[in-house]
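In what follows, chain A forms one complex with chain B and a second complex with chain C.
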Partner chain A sequence: MTSKRTMFLFTLPALIVLGVFFVYPIVLTVQMSFTNFTGVGQADPVGLANYERIVSRDRYPAALWVTVKFTTVVVLIQTMAGLFFAAMLHRLPAIRNLCRAALFTPAMMSFVVVGYVWQFIYSPFSGGLNAALTQVGLEGWTRGWLGDPDTALLAIAFAHVWMFTGYTTAIFLAGYANIPAEIEEAGRLDNASSWQRFRYLEVPLLAPSFTINIMLSTIGTLKTFELPFIMTRGGPDGATRTLSLEIIGQLFGKYRFGFASSLSIVMLVIVIAVAVFQNWYLRRREDVS
Partner chain B sequence: MKTTIPRAFGMAAMAACLAAPVLAQSVTLDVTAWKGNEAEPAGLAELIEKFEGEHPDIAVELSYIGRLDTDTVIPPRLQGGDPPDVMMTDMPLVEIWGDAGLLADLGKDSEWWGRIPADLQSALESGDATYIMPLEVIGMGNFVNMGLLKKVGIEEAPTTIEELKETCGALADAEINPMIFTGGFSAPLLLIANGLEGSDDAAAALGSGDASFAENAAFDAGVDLIRALEEARCFDGRQQAGLDPWSTALSEFTGGNFAMMPQGAWNIGAFREIEGLDFVFAPLPSARDSGVALDLFGIGWSVASASENREAAQTFVEWFAKPENLQVMLDAESAYSPFDDGASGTPEQARPYDEARAAGGVINYPFALLQWPKSLEGEIWDSMTGFLLDTSARTNEDLLSRWDEAVEDDF
Partner chain C sequence: MTLASLRSFVVHTLVIALVVAMLLPLLYMITMSFRSATEIAQQPLGLPETLRWENYATALSSMNYLRSVLNSVGITVSVTVLVALLGSMAAYPLARNTGRAARVFILLVALGLATPNFVTITPIYVIFRDLGLLDSYPGIVLAFTALNLPLAVFFYVGFIGAIPRDLLEAAKLDNCSDWQTFWHVVRPLLGPATATLSLFVMLMVWNDFTYPLLLLTDKDKFTVTISVYRFVGNQNVQADVLFPAAVLGSLPLLILFVLFQRRIVAGVTAGAVK
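So, the complex of A and B:
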């Protein structure tokens, strides 16, 4: 009995911190989502009007769809790129540390700097990408990358992947470090080629790294607003308007704190649902591996 | 020595007694503004020094808080009972904070209120109250690179649509990009100016849903005008629709890559510092000979209702309304006075815009006066971007009905 009380007392500080800084704000946001609060003054209850508005207007499901597309592209490409670099660097120990640091550098840069740099690279007039394409004879491919709805989201996704691939690589390299040397040695003794060792030994054994990478990048990307905000402000014509960007716009452009709260709750539910599903699926995959 | 020390104490005591009433009266005003920093000094440092010189009993402590940060930093202070005494505000803030009872009514019996033109007066009223003392009006018009125009033999910035088309044609023939025309901000300025100029419906009626954009002949003609300008080779919609009007567009214009760009006069100061950039700030071309001077009511001072220094705050606000003081800010901002004295601080480059104002070509930007809801502005920018990407695939009604829906959606 004493032991239980002691355990409870020890966990109490953590519970208080969780309650005050995590649970209470969420409860407050839920409460606010049923009001027309403008940020100051009286918040009048509006029932389910905010949620009804989310489902009855095309604008908000469209923002959700943009978020889903952006997340899918980023998570897929970033995970594959991270795995590729990690596999390469695992085989090239002489340059591993140098390359790991180089790959990780963009992740340490400010979103603002990265956003502006890529904005100029993508510029249709004097941008580096169009200049490079012209130099190699691909002038027909040049375009306003951020001004075209067909390419804007992909262009931002590429900048995002460039920024965080080093992060993913570092996690995969940590996973490689945990693969017992005997297993690789056994593969070599069985005359398995480099590709076969990668496909049948390393990939299954990197399952925990996949779980961490996919979970972190999915949650981070679902919530992202920085690069779309800096590079396109959600344009052209909403092609890069993610749910987070919509929330920011409702909060500080239109002072609809109540409505923005309802959008935040929708986003929270989606993030939790995706995270729980991914965790269940990827953990199961780890067990199979 | 014996007599010196008691005498010194006596004199000090006397000095303290004399100073006591002054100290009791002196107040320190807590003032916040999104101008007054290095990037946008707005003459505030000079003005505050002058104010303190004329009012030795009032000290001013100015805190720079960016416009976006104002949304997050000030409300907790206003609601927490620790507000700044005086705050820089604009009409969207006045609407929210004033309605919540957080701003003091500045009244209509002051000298400066009587000097505000009637149309602006009615826009600044919040019911029976007045929560803002206006400081400046800034123009939004057409920046024209005269160096490029002179290369094709054109000496004056275009102010009519026909002149604009001719200018575009001459520039395009000479392989000079005529106009940077972004779907966000630039293109909407031209359409709004031309739509409101010809509209039979008042701006407020369109913004409240009492009148419809889609059924408004002037806005319908305005959309046709955009198509006509594209045909006249003024711009390449698909290429420019999604450009960022706040970074890429500015750098392209200042780099001399484009001859014209609809934008705001707040850029004049920065553009003047660019060596070799020969430009003027002209009105937006329209059906009228003068063109449209699209005026943006920008900023003003408001006093917190919970301010403990209301009297001093009121003194500070009223002091800024004096023409000789306001002029310092107008000069620094290249802005116009919101009062009826016609004062301005615009440089020679803005002469074409000044002339359009003098000729009566002024239209107030409806968002700044809350005639149109804020959510409509974003929708206009988005829909214009979509329209410019393929002007032939979208009808006028496709575009303008989105504006009506945004008005209807505002609750």
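So, the complex of A and C:
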């Protein structure tokens, strides 16, 4: 690179786009979060009132709690399901590629389609799940899955896991491909059982894949909006109202732009804190193993 | 049959059964799309009595399907080209420079990678409204470009950093300008990186729901996702409306996936691992 000037020219277009549609909006969000802006007209400064409101009403910590529950369930189940399929398919080369592609297919669909299809599967009367349960003699289990506060969040989490398990599987399989053949061979020569090889060889060696999978799914799920928005609108009784759903609700339902901004800042802080912590923790784990 | 081969047979069957179970909702969607609402209400799990193509005819004509596919293609392709071009241009000096300005830019990119779009959605809506960018193709293309640009810069910095320095020095000795070096030497080497990145960006943009929901209200500008959402949402969720719309909504990407599944899975995985 010959000069500072050309370097600047190369980055200029990206700088403009990021400046106008990323940096400026973040500054504006911070600024709006200290006002009572309603989207039009004058915005009056209100100091920390928006933030006080977040901590003093039950509604917002509850939304945060829903988000945390959802994220925990999704990340746990998805990682375990992905690991299971990858470990099995690694041992079954004949069907590996076909099954990997089949599992990946739901990730090609949009949240809108997945949300609507699963909403119908869960519906109380003509839905597929209740009909299937009835056919295998489990009538007692049938219910309106999305209408029951006890099951609504889990039901949505399950649809989310269904959508992305193939993704997790593919990343774990890529991790398996990086395990040197000699190590696998050594395990086999030592007469280690399939389970022992999995537990003591593969799981530690897959540490980088764990890092990627857990971080990707955590960041993706903490901001989850689409499935609860489409399937339940946050109901019943707030059982599926995540933080992002609350932000959009404040914005376009109540026109509280200032308050929505303060919720966004809370979300930003949480996401960055979780990402930094996970990155530190999981990478440290990679070094140990 | 020996014990080992019997065991292998059982394990294969079990895994295949589980994979098929994971595909059941997909098969359910396709099967239901050919049945009538009354059929489904009486027999929630049956096969179609006849293939009701008229379900599709209704959905096609009332959801403005072809128009929305064209909108999605146009928006997705524009965003992908812009992201690849602006991202690789910005990464070129950043990959070779460690000055303070470069470090600040990289930090900005890292922040962009971690920031959920919900943090910027409120001001973006306000800015768009004030600039008259709501309901416009350039508006939504720019919003998506900004959302994906940090990933692209991050991605390209890694790839450009791996290009041997001698190659760029040689270009300089041949009296190539910085732009000529970038365009004729660096850019062609980024082919595989661009392919991977583009897959990632295309999937994200094509399937995104939030931006078109908030930034587009004109029916003629709807993307496929939003047109499915508005169409089904308006109908009080009737099965014979929902399922054909869901199939049509996923069809373009599912066709691409069947044709290029190996490259898509490999590309998306590589993009995530990078």
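Annotations
Throughout what follows, the second predicted complex is superposed on the first by the 265 of 289 C-alpha atoms of A that agree within 3 Å, B and C clash if a C-alpha of one lies under 4 Å from a C-alpha of the other, contacts with A are read in each partner's own complex, and residues count from 1 in each chain.
Everything that follows uses one rule, which is that a residue touches a chain if its C-beta (ideal position, glycine included) is under 8 Å from a C-beta of that chain, and two chains touch if they have at least 3 such contacts.
What you are looking at is a predicted structure, and each value in this text was computed from that prediction instead of being measured.
Considering which of chain B and chain C touches more of chain A, the answer is C. When the shared chain is aligned, chain B comes close enough to touch A:233, but chain C does not. After overlaying the two complexes on the shared chain, residue contacts for A:61 are found with neither chain B nor chain C.
Within the superposed three-chain model, A:45 lies out of touch with both chain B and chain C [touch as defined at top]. By the touch criterion stated above, A:249 is placed in contact with chain B alone, chain C being left untouched. When the shared chain is aligned, chain C comes close enough to touch A:92, but chain B does not. When the shared chain is aligned, chain C comes close enough to touch A:111, but chain B does not. In the superposed model, A:144 lies in contact with chain B only, and not with chain C. When both complexes are overlaid on chain A, the residue A:125 reaches chain B and chain C alike.
Shared interface residues of chain A (contacting chain B in one complex, chain C in the other): 39, 116, 119-120, 125-126, 251-252. Remark: chain C residues 11-12, 15-16, 18-20, 22-23, 25-26, 28-29, 32, 40-41, 44-45, 86-87, 89-90, 92-94, 96-97, 101-102, 105, 108, 112, 114-127, 142-143, 145-147, 149-150, 153, 172, 178-179, 182, 203, 206-210, 214, 224-226, 228-229, 232, 237, 239, 242-243, 245-246, 249-250, 253-254, 256-257, 261-262, 264-265, 268-270, 272-273 touch chain A in the complex.
The touching residues of chain A, when paired with chain C in their complex, are 1-2, 4, 6-8, 10-11, 13-15, 17-18, 20-26, 28-29, 32, 39, 85, 88-89, 91-92, 94-95, 97, 99-113, 116-121, 125-128, 130-132, 135, 162, 165-167, 170-171, 173-174, 212, 216, 219, 222-223, 225-226, 230, 243-244, 247-248, 251-252, 257, 260-261, 264-265, 267-268, 271-272, 275. Touching chain A in their complex are the following residues of chain B: 68, 71-72, 75, 78-79, 92, 96-97, 99-102, 183-184, 238-244, 247-248, 252, 255, 257, 374-375, 378, 381-383, 385-386, 389, 409, 411. Every residue of chain A that touches chain B in the complex is listed here, in rising order: 36, 38-42, 49, 57, 116, 119-120, 123-126, 144, 146-149, 152, 231-238, 249, 251-255.
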